[in-house]
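Each structure below appears as structure tokens.
Next, two complexes with subunit A in common: one pairs it with subunit B, the other with subunit C.
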Partner chain A sequence: MTEEKRCPACGKPTAGYVPCPHCGADPRTSFTIKFAAVICVIILGVGIAFYFLHVATSEVIPTPISSIDSWLDYSYVWIDGVVSAGPQYGIGSVSFDVYDASAQNIDQATISVEYYDPAENTIPAVGDHVLAFGQLRAPVGVDKELRISFPSDLQITRAQLVQTTISDIVSTGSSLWFKRVALNGTVTGLRPLASAKIYTLSDSEGNELQLYVHNGLETYVEKRPIGLKVLDNVTVTTGLSQYAGVPQLYLSDFDELDVTSSENVQEVPIQSLNENLVGDIVKVGGKIVFVEAVGGSTGLEMSERLLSLDNRYNPSVTISDGLFKLLSDENQALLKRGATIGLVGKVQTYRGAYRLEWVGPQVPDLTPGEYEPPSVENFSTITDNLKDELVTITGRVVDNLNITAGQLPSHRLLTLQDNFGGSVRVYIPNFLYERMQNPPLTGQTVKVVGKVTSASGYPVVVQPGVMEDVQRVS
Partner chain B sequence: MRPAGRVEEVFCPKCKRYVGTLEKCPYCMAKVPKRLAFRLLKWGGLAVAVLGVLFLYIDVRGPHILAKNPYVISVGDTYKENAVTMNFGQVIMTGKATFVKYYDDMRSLGMFLTDLDNENQDIFIRAYDVTTFTLFDMEKTRLNENSPVPKFPAVGDNVTLRGNLRVRASAAQAGEFRMLYIQYPEAVLNIERQTDKTPVSIAQINANPDNFKLYQRIQIEGKIISTGDLGWAIPLNLYEMSTGAEASVMVPNILNQFGRTLTAKVGDLVRVKGAIQYYYGTPQIWLASWDDLEVIG
Partner chain C sequence: MGMETFVYIFYGLLGVLIGSALSILPSLHPLNFAGIGVFLYLMFPIDPLALMMIFMGMLVAYSIVGTVTTTFMGAPDDSTMYMVFPNQKYLMYGRGYEASVVTGIGALGAVLMLLMIAPVAGIVFPIFRKITTPHYNWVLIGIVIYLLQSEWPKDWGSRAKTKLGRLKDGWSSLSAGWFVFFLSMMLGFIVLNTPIVPADRAFQNIMPVFVGFFAVPWVLTNMISRAEIPPQTVSNRFFVSKKDMLRGTTAGFFGGTFAAYEPIITAGVGGVLAGHSMSTQGDTQFMVSGSAGRLAYYVGAFFLLWVPLLHLTRGGMAWTSSLVYQPRTESDYWLLVSAIAIAAVFSFLILVFVSRIVAKLVAGKSFKKVSIAVLLVVLTMVFGFAGLEGLAMMTICTGIGLIPPMFRTRRLNMLLGFFFPVFLNMIGMRGDVLRVLGVY
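What follows is the complex of A and B.
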């Protein structure tokens, strides 16, 4: 009697079939438990040895910023570089840019770092060397960003100070970029942005350098305005950044700025502006005889205001809307026709004429007053001969035409009739008309102060400068 | 060695091969009947499991027979030393929404809720796609029905949520990571949106911003003098006709998910309700939904 063959794995009869028809076990490929155990122990030993070797010899290997791509999105990496911009203070976080020179193109080798709940004295400034660990965000089409959650993940080596001058920085190209510098300059301009104010610092040779002050510094850190005035002499000790290839000082703390004195400014009659004064900052004064708002191209916003002082033929003073809005509410309200003003501006030439550009930051001397240009009773006398003259007219609106302005609300062309049967057209740009609380309607009598000019193909029109120049009489 | 159990139940009655628990022989396809008790165990177990899950699904949402209401905690509780013991717990919490965003890449809702008593304590709220899109639909329906009860949270709302809490310890500090996952749309238990419609002058806001609380909802009127596109919101620059003051109104892009888009244009006189936020000290009014914007002229 032959012995029944059974599977060594499941114990069932196999009738000589290999592998086992019940459980699939194949005795030909089996090895002993002892052999398996020895292999496991060897693998474990080698694994542990490799692990300890790795731990003992490994060091932080930063990821080159230029190599960061969307496939690294959400991964945790170290980066190593110099702070090239910042800090930008937000509520509960600070952001700054880090550049590691891993690519020729600065933008490719720069990453924005968002640092949450920053601890005191752990906020880097431009020029500082940082080694940072955090989570990457690098979705396609979005600037890459590293997010740091813990102060221990940010190691800062503070920058060495370089004593320099504005002319050195301007003349030496990028060699001083991303270094901490100390220099002297005079405040000669201000350009307000939504998130920052960019001051212009000048030296005695006319070289200029931008000073970037993030609004978060005033609002969240210092909780007070920086208090700089035009022509203040300052000593700045801060990092030198760049924006679009233009060097830019980046203030990280008010203590980095010291006002040492103020320059005296030359007082010049507005009618005496000349070639020798172009580029100079001068003080002028006079009675505002006309304020002319200039509209933007994409909305109903005003881009700037032109002030005529003493008479229409004097060089005009231009004030950008951004600087106008920095004035106090009282001064904004006072800055109108009839007021007497004293201000500081930079002499420029524009379309062959001199003009004075309002420079900020400044508080003008303003005294309220009244002024009305000569009244013209007979509208038929308003012809080409009066071009660029200021006039006051009072008449009845007999026609109100729309002049299309693309997607924007229309400009208005009113026809005003005088008591003698003559008429004149009044052109009201949309950015003025749409701001009028009670715009003039056909049949009403209105008083208009304006400039005789041409507009929208009409050779002679009277154009008011601001909303208040159009008043309903009845 | 014999297998345990009755032989006729584990061997095929036709081909006599071992079939174990199978009710049909895999070799000859003959039926291998099992005991009634065994069949009941098999199918009954499956039925109990399915019904049990269904019961839990319903119980969690309403009757709370077995699944009792979770603990009500504050956002600030997640900042306590022992907060990590609540990790993975179901909780109900109320906070003020200070940030609401729809993440296109993850198709999810992200939101920050701030403690009602301590604005420095907040928690991130996350809802994934199905929940988020259902909330969008609910808000869409609400707008179509002109219902005053908001269904989708917005900046400035006091929001009560139920969700799965994640609080992780990190280093020596507890609660370094705080997140609440909303797992179904009904978990948005309440949205309290201030309904005070007292008109406020833009000039008043600009002159005395300290008189207005952060995220306080107000109503203003003005003419749109310009618009823009920030990518995540459309800013409307409003000009107040009576005072000449200007204010920035933010229309967040998330509103486009509610079945409508911005129709107001430059030159329109609008009435706007929204929550006040400050951009580096400059007031901004944030719309919560389309019923916060009304063209009046």
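What follows is the complex of A and C.
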């Protein structure tokens, strides 16, 4: 009896057929578990080799900022560079810019870093060297940004201090950019932005340098105003950034600023401004006889206010709307016709006349008061002869005409009638009319304080200076 | 850096143990537990890198030990649906253990390939990503069109006598495939826009869908079978050719890696594309390519997150775990690669051990009874994770999932259809389609 041949794979009889007629197993092509064991040993060997590679390598590989492109959107990367702007404080986060010199163009080699829930003493300032790990956002057409969520993902090496002067910074180009510097200067100006205030620091030679103070520093960190005044002498120890190629000190902490003294201001009568005073900062005072708001060129914003002190024909004082809004609510309300004011400004010439530009930061001396220009009863006497004069008129609105202003709301041309049957036109620019809580309507009697001028092709109109110059009588 | 980091390898091995236990239960997936793992981490913080290693171990175990479920219980998921047929065939020949181990060796082969590309991954993948990122949209749409168009009409065994009859025969399976695609797409618009499961379990929103699409129909089909599982041969000799092993592993690895790299594409889709491009054929190549593709897809997607200068987040595990930890250095990467290697060997040993036990346990059992037991486990899991709403969703998806075996069309169309709304989203057309459907 012969031994029945069985398939080694399925165990069924094969009757000598190869491969197995039942399961298809072919004993000629087989391997044993040793084959798998060999693969396991190789994998283990390679795995252990990689473990030693892990032990041997601990360095961080930063991504060059200029190489960051939209394909890296949402990736997590390290960046290594120097803080070139910031910090800008927000609610629960701080942002700053990092520059790594990976491209000649500074913008290409700079990335904005958003640092969420920052821990104390882990906020870098301009000049500090940082190594940061976070998630990239780099969608097409949007500035690239790195988002850091954990303090441990930000390593900071604080910058060394460089003693310098405003003159050195202005004259040496970019060599001091993104370094921490210490210098002295005098506050000679303020330009408020939506998100920050830019102070102007000057030296005795007239060189100027900007000092950038982010609003978040006052609002979220220090929770108090910085308290600088025009002509304060200060020592600043902070990082030197740049904006559009212009050097800019970037304050990260109020402690970086020390007021050492204040310059005395020369007091000058407003009517005595002259060529010798142009460019100087002087103090003037007087009674406000007219406030004239000036509209912007593109919208309904007010760009500035012109104050006439004591006399309509004295040099006017200009205050930008940004600086006006920096005044306290009380002073904003007080700064109106009739008040007596003392203020500091820079003497300028404009269209051949002298004028005084209000310089910030300052708190003006304001005393409330009343003033009303001469009243004109008979409107028919308001002619070219009264041009540029201030008048007070009271009459009934008999006509209310729209004057188109492109895409913007219309200007208004009211016709006021006096008790003698005479009439005069009152021109209300759109930026004033749209701010009026109770704009005048046809049939109402209104009192208007304004300047006799011409507007929109009408040779003689009365134009109010501010919204309060138009009051409904009945 | 000293050797103290070796402890992370042990965390990886712990993940293998957890993943093995979960993988053997039908319908379960490590991704079902990733969200729970992160939640537990937030409640009881541990070293986040240790948690990542546990997750890695779970993925490796799922990719290797999980074949036990496919082979012996016949409950596939989207990544194993192409292996389940040959594996079960082997089971019915009494070669279930052999199929399980051979499949595991395929996964080991994929690990070996992953280790081979690891030293150059940091160079190659970032370049590849830079080149391909702007083209994802049309590549994805192209894949959908290719897979729908490339299905071959089935031979029903009797050639119809009329032209119309032959045309009808030719299109019966193809039109069923398109119908399945359409139904799944509609389901995708609903499920991916408005989670059906309760809000507190929303992270398990698509689990009932996949179980309904793949696992339940297969189990139901098995229940109809009256077969008895024959005695299983447990031998240390495997009757497959090394050439088939190599070819299957290579195809599977490339398919799985492609799927891991491309957004939305899953292992099943990648496997079919790789199979077509490399002309895989025969049961061995299917089994091996399936397991290699599965490992390359699941582990590969997680691996991509760690590749230096790439940090590409792909796959559910990478997205979920990236909430906890982001690889920071090249050193982290080598630690992961090392841990994958060691975890893979450990998983393979578990696979061999578990397969021996299960092979003995199922021998002589009625396939119907095994399938009923599996179905009960599946229903319990779905109810536990997604509630009654999940069971309802699973039932609907089972209805769709039964169409492909009935009309012999591709199950893959369900996957393509379900994720088609995501494709549309990527090309900016989702809103328009939703408006047409009246959702907006």
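Keep this in mind: the second predicted complex is superposed on the first by the 417 of 474 C-alpha atoms of A that agree within 3 Å, B and C clash if a C-alpha of one lies under 4 Å from a C-alpha of the other, contacts with A are read in each partner's own complex, and residues count from 1 in each chain.
Basically, a residue touches a chain if its C-beta (ideal position, glycine included) is under 8 Å from a C-beta of that chain, and two chains touch if they have at least 3 such contacts.
Since this is a predicted model, take the numbers as computed values, not measurements.
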Per-residue contact with subunit A, leading partner among subunit C and subunit B: C
First (subunit B), second (subunit C), both or neither touched by A:Gln88: neither
Contacts of A:Tyr76 with subunit B and subunit C, given as first, second, both or neither: second
Subunit B versus subunit C as contact partner of A:Gly11, first or second or both or neither: both
Which superposed partner A:Ile33 touches (first subunit B, second subunit C, both, neither): second
First (subunit B), second (subunit C), both or neither touched by A:Ser316: neither
First, second, both or neither for A:Ser241, with subunit B first and subunit C second: neither
A:His22 touches, of subunit B and subunit C: first, second, both or neither? both
Touching partner for A:Thr188 - first (subunit B), second (subunit C), both, neither: neither
Touched partner set for A:Gly47, first subunit B, second subunit C, both or neither: second
Intersection of subunit A interface sets (partners subunit B, subunit C): 11-12, 22
Residue numbers on subunit A that touch subunit B, as the complex places them: 11-12, 22, 92, 139, 149-150, 152, 194-195, 215-216, 218-220, 296, 298-301, 329, 407-409, 430-431, 434-437
Complex contact set, residues of subunit B against subunit A: 1, 18, 105, 120, 170-171, 176, 206-207, 223-227, 237, 239, 241-242, 244, 265-267, 278-282
Contacting residues of subunit C [partner subunit A, same complex]: 1-3, 5-6, 9, 90, 93-95, 98, 101, 104-105, 108-109, 111-112, 115, 118, 129-130, 133-134, 231, 233, 235-242, 283, 308-313, 322, 326-335, 337-342, 344-345, 348-349, 352
For the subunit A and subunit C complex, residues of the former touching the latter: 8-12, 22-27, 29-36, 39-40, 42-44, 46-48, 50-51, 53-61, 63, 69-71, 74-78, 133, 135, 153
